[in-house]
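A short write-up of the structure that comes next.
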Amino acid sequence: MSTLAIAAPAGRRLGISAIVLIILALFVLLVLAGIAFGSTWLPLEKVARVILGGGEKTEKLVVWQLRMPRVAAAGIAGAAIAFSGYLLQRITRNELASPGVLGVVDGAALGVVLFLAIFSNESNALTVPVAWQPLAAAIGALTAISLVFILSGRQSSSAIRLLLFGIAIAAVAKALTTVFMLVGPIYQAAQAARWLAGAVNAISWSEIQIMALCLVPTVIVAAWLAKDLPPADLDDVSSRSIGLNLPVYRIAVFFVAAVLTSIAVAFVGGVGFLGLIAPHLARLLVGRARFAGIVASCLLGAMMLIGADLLVRVAFTPLEVPAGTVTAIVGAPYFLFLLMRKDKTNG
Amino acid sequence: MADVPSRIEVRDLTLMYGHETVLDALSLPIPRGKVTVLAGPNGCGKSTLLRAIRRLHTGQKGQIFLDAVDIASLGAKELARQIGLLAQNPSAPPDMTVEELVRLGRYPHQAMLQPWSEKDGVAVNRAMAGTGVTGLKTRRIGSLSGGQLQRAWIAMVLAQETDVICLDEPVNHLDMAHQLDCLDLVSQLNREDGRTIVLVLHDLNLAARYADQLVFVHEGRVRALGQPEELMKPELLAEVFEVDAAIMTDPVHGRPICIPRGRARAAVQERA
Amino acid sequence: MASTLVMSEAQGWRFGRPQIYAGLVVLLALSMLMSLTLGYKIYSLDQVWMALFAHDGSETAVVIAGLRLPRALIAPLAGAALGMAGVMVQTLSRNRIASPDTLGLNAGASLAVVVASILLGVQSLAGLSLAAAFGAFVTAIVVFGVAASAGGLSPLKIVLVGVTFASLSHAFVEVLLTSNEAQLQQLLFWLSGAFVDRPIALFYNGLPVVVVGTVIGLSLSRALDALQADDSTAAGLGVPLAAVRGLAFVAVALLTGAAVSMAGPVAFVGLVVPHAARRLVGLRHIHQLPAAALFGAVYTTLADVAARFVIYPVEAPVGAITAVVGAIVLLVLLMRRAA
């Protein structure tokens, strides 16, 4: 917490806490709205009653089995991807970095598509428990980010090179994903295609449990690593001179970020631009303060995915438009806006 | 200077970047067959002026006469046959060969459907011979040393066969020997072919050594112009460059050289 | 020093340009012949000859003239168009990893086809082809505009902008298709790059467009040569930058649009082909463009033949093959830049 104090004077610190609280309040409101809205409108007091353990049978079913899983999955996955994006942007010192741009999302997607292609049987069922899916995603994501690292070689500290190779690796992974989708039997392809675009509509409580179980240790490691982020803002030589082995630390952060994203992607699919924009907005709102930045990033990421899912439910029902398209349509222009601001980046 | 008719006459040239005035109603004669060197502190507008002479800025106001013809009335290719320009940090793909680069200089001489003529080939060969890059012509420019590369670019401008050649800081990033190499080549072009040369140079001593006419540009205006001997005065250097300098005469070339002692006192006081 | 020696040696044993063009033409003829004869069923040269020039109404003749011939014509034409578009895009952006794909032009063309079909009710092949060209043109202008206003056309910026536009286009396509599944089957045709099952009418629609784009490109070849240098130098040589860029965009859009309208987005052809063309004939566009056209034609035709055998007896989509090859080339290019 000491760095927080350094980063922000006392008055500003109070302001930051207030902003984080406001974001938290909005988050709670959005969660409630996510449960209340849908094919039928459920008044907020009924939602509250069901959550507190009461309510009628149909209301219970709608809340606990239909809407809560979507909201929970979207919230957890959104937060994980945003945390990952926050770490990547800090460690590369480049606000254009994100799990998507660095090839992590496409790598994870390739892992999952391969997993689905290998372990499906003729009746379109998995021959192994779905719990293995995040492992496949993580292997894909880690392979992708390792390749990005190895290929950029000695200059892996240069954010620009990392980004270029990330784009290239993402292109390779995308191409291979397409190949396996087209080559694989059609029933998996249809399943994989919907999943690839990023959707939380079919998720179950058991899948959410697995996602949460995988995330807990990862988040602990990530939080432990995050304490060294401030000295990592320096160059390699300077940070080493104050006692941080930055090249090693950088690799550790990259890998944890990749795992965070891959777990989320394994369950909700390739949600685009979340990991880029949530940390960015967080920085606009709370500045460079680290703890507040992480909390705000996670909350904003969760809100974005819950909001995107809510939007496709309300606007497109009964069609199942993937929530990922909404984050892409909102996120892509924002990313372009970031690119167009000349002074902040030097591509 | 009055006895030599001006090749180029810049009149009331004004250029704004947004609200910032870069060139402020600047007027300047550039004499025929002479080497004119534009010098001045960073950001004074000397490079901008050079590009403006070549009419490369949109929104520049004022007139530039080339032999009493307003260049605004000339087409892009026509102008490129009259005035050549070597940009400050020119770039081309590293796998382009030297010959391919030099051939680009013939662009303004070619009509759309006119094939490559013998005259073009002669100009390219002469340009490469004149700059000593003939032996390098199949080399890729990415494999050249800094000095070789600069000569290849000058050859490209020479192949344009223009009477006026503008060079924007041509000796940046070159070591001392190659700086002299490059500027000797430029002054040889001036002496032997009688071409009009306009140079932007950072190094005042090099400027004084190669200039027939030296121009001090300051805050978007011409502060002074004349022969190097007339301009290399301590008061003027203090005002334009904010340096306190001693002026001596170079015993080898007889040109004035300046030896800076430090920042000019007025400037130091102003800062303090 | 060692490396420069190797380079000049490498140039020493280069073939002359006439031999290179002749070789490419021969290769193109051979690959088109392969495209006609090889496949799920293998036909003899006699059968092909008969089907094309003495059509007797037999089943064999129908298959060859109706199924094999269109792809043997469309594949090389689309490849030539994408190859030339790639050359111009790489010159315009001074970026060797640019291509109609990495700049999002293919995606923009696909989106335009979907919009024209679903929202505007365009049904004719010619109308959809026009929409594809228009989409590519608008995307080119917007991507270059955004990248330019992002402070220069650095390779990273322009590719980031292009990739972002591509994902934006994909998202819109996804929404439009989900909300109108009836059209999906018909439009899938335009959204996945392939040469199989294309009506020959597409070839006749695309040919004049490709010819116009080629003529514009060739007439700009000298200005494009000069554009390989920086803007100041090009302007200093008397190149009217804005006019040349604008015209070249039109040419790129026509070529990309024609290719997408005939074959859908066949990935990364425009990235790979210009590199081969420059290797073969050097950097002058009067040679680069024809060499890219020929090499692109050979490349896509052979890829199309290969697609029939990769997972025989099922046919693989040719776009998948070019995507994998292209992605590997992209990596190699990036690594070479690193060296």
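For reference, chains read A, B and C in written order, and residue numbers begin at 1 within each chain.
Everything below uses one rule, namely that a contact is a pair of C-beta atoms (placed from the backbone, for glycine too) under 8 Å apart; a residue touches a chain by one contact, two chains touch by 3 or more.
Since the model is a prediction, treat every value here as computed from it, not as a measurement.
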item	value
Farthest chain (mean CA position) relative to subunit A	B
Central chain of the complex, centres being mean CA coordinates	C
Length of the line joining the C-alpha centres of subunit A and subunit C, rounded to whole Å	35
CA centroid of subunit B to CA centroid of subunit C, Å	43
Centroid spacing, where centroids are CA-atom means, of subunit A and subunit B in whole angstrom	54
Overlap residues in subunit B, where contacts from two or more other chains coincide	none
Per-residue multi-chain contacts in subunit A, two or more chains	none
Two or more partner chains touched - positions in subunit C	none
List of subunit C residues in touch with subunit A within their complex	97, 102, 146-147, 149-151, 154-157, 159-161, 163-165, 167-168, 170-172, 174-175, 178-179, 192, 267-268, 311, 314, 316-317, 319-320, 323-324, 326-328, 330-331, 334-335, 338
List of subunit A residues in touch with subunit C within their complex	96, 101, 151-153, 155, 160-161, 163-165, 167-172, 174-176, 178-179, 182-183, 197, 272-273, 316, 319-322, 324-326, 328-329, 332-333, 335-336, 339-342, 347
Complex interface listing, subunit C residues touching subunit B	3-4, 7-8, 11, 94, 96, 219, 222-223, 225-226, 228-230, 232-233, 235-240, 278, 282-284
Complex interface listing, subunit B residues touching subunit C	51, 54, 56, 75-81, 83-93, 95-97, 100-101, 103-105, 107-108, 110, 112, 138-140, 143, 156-157, 160
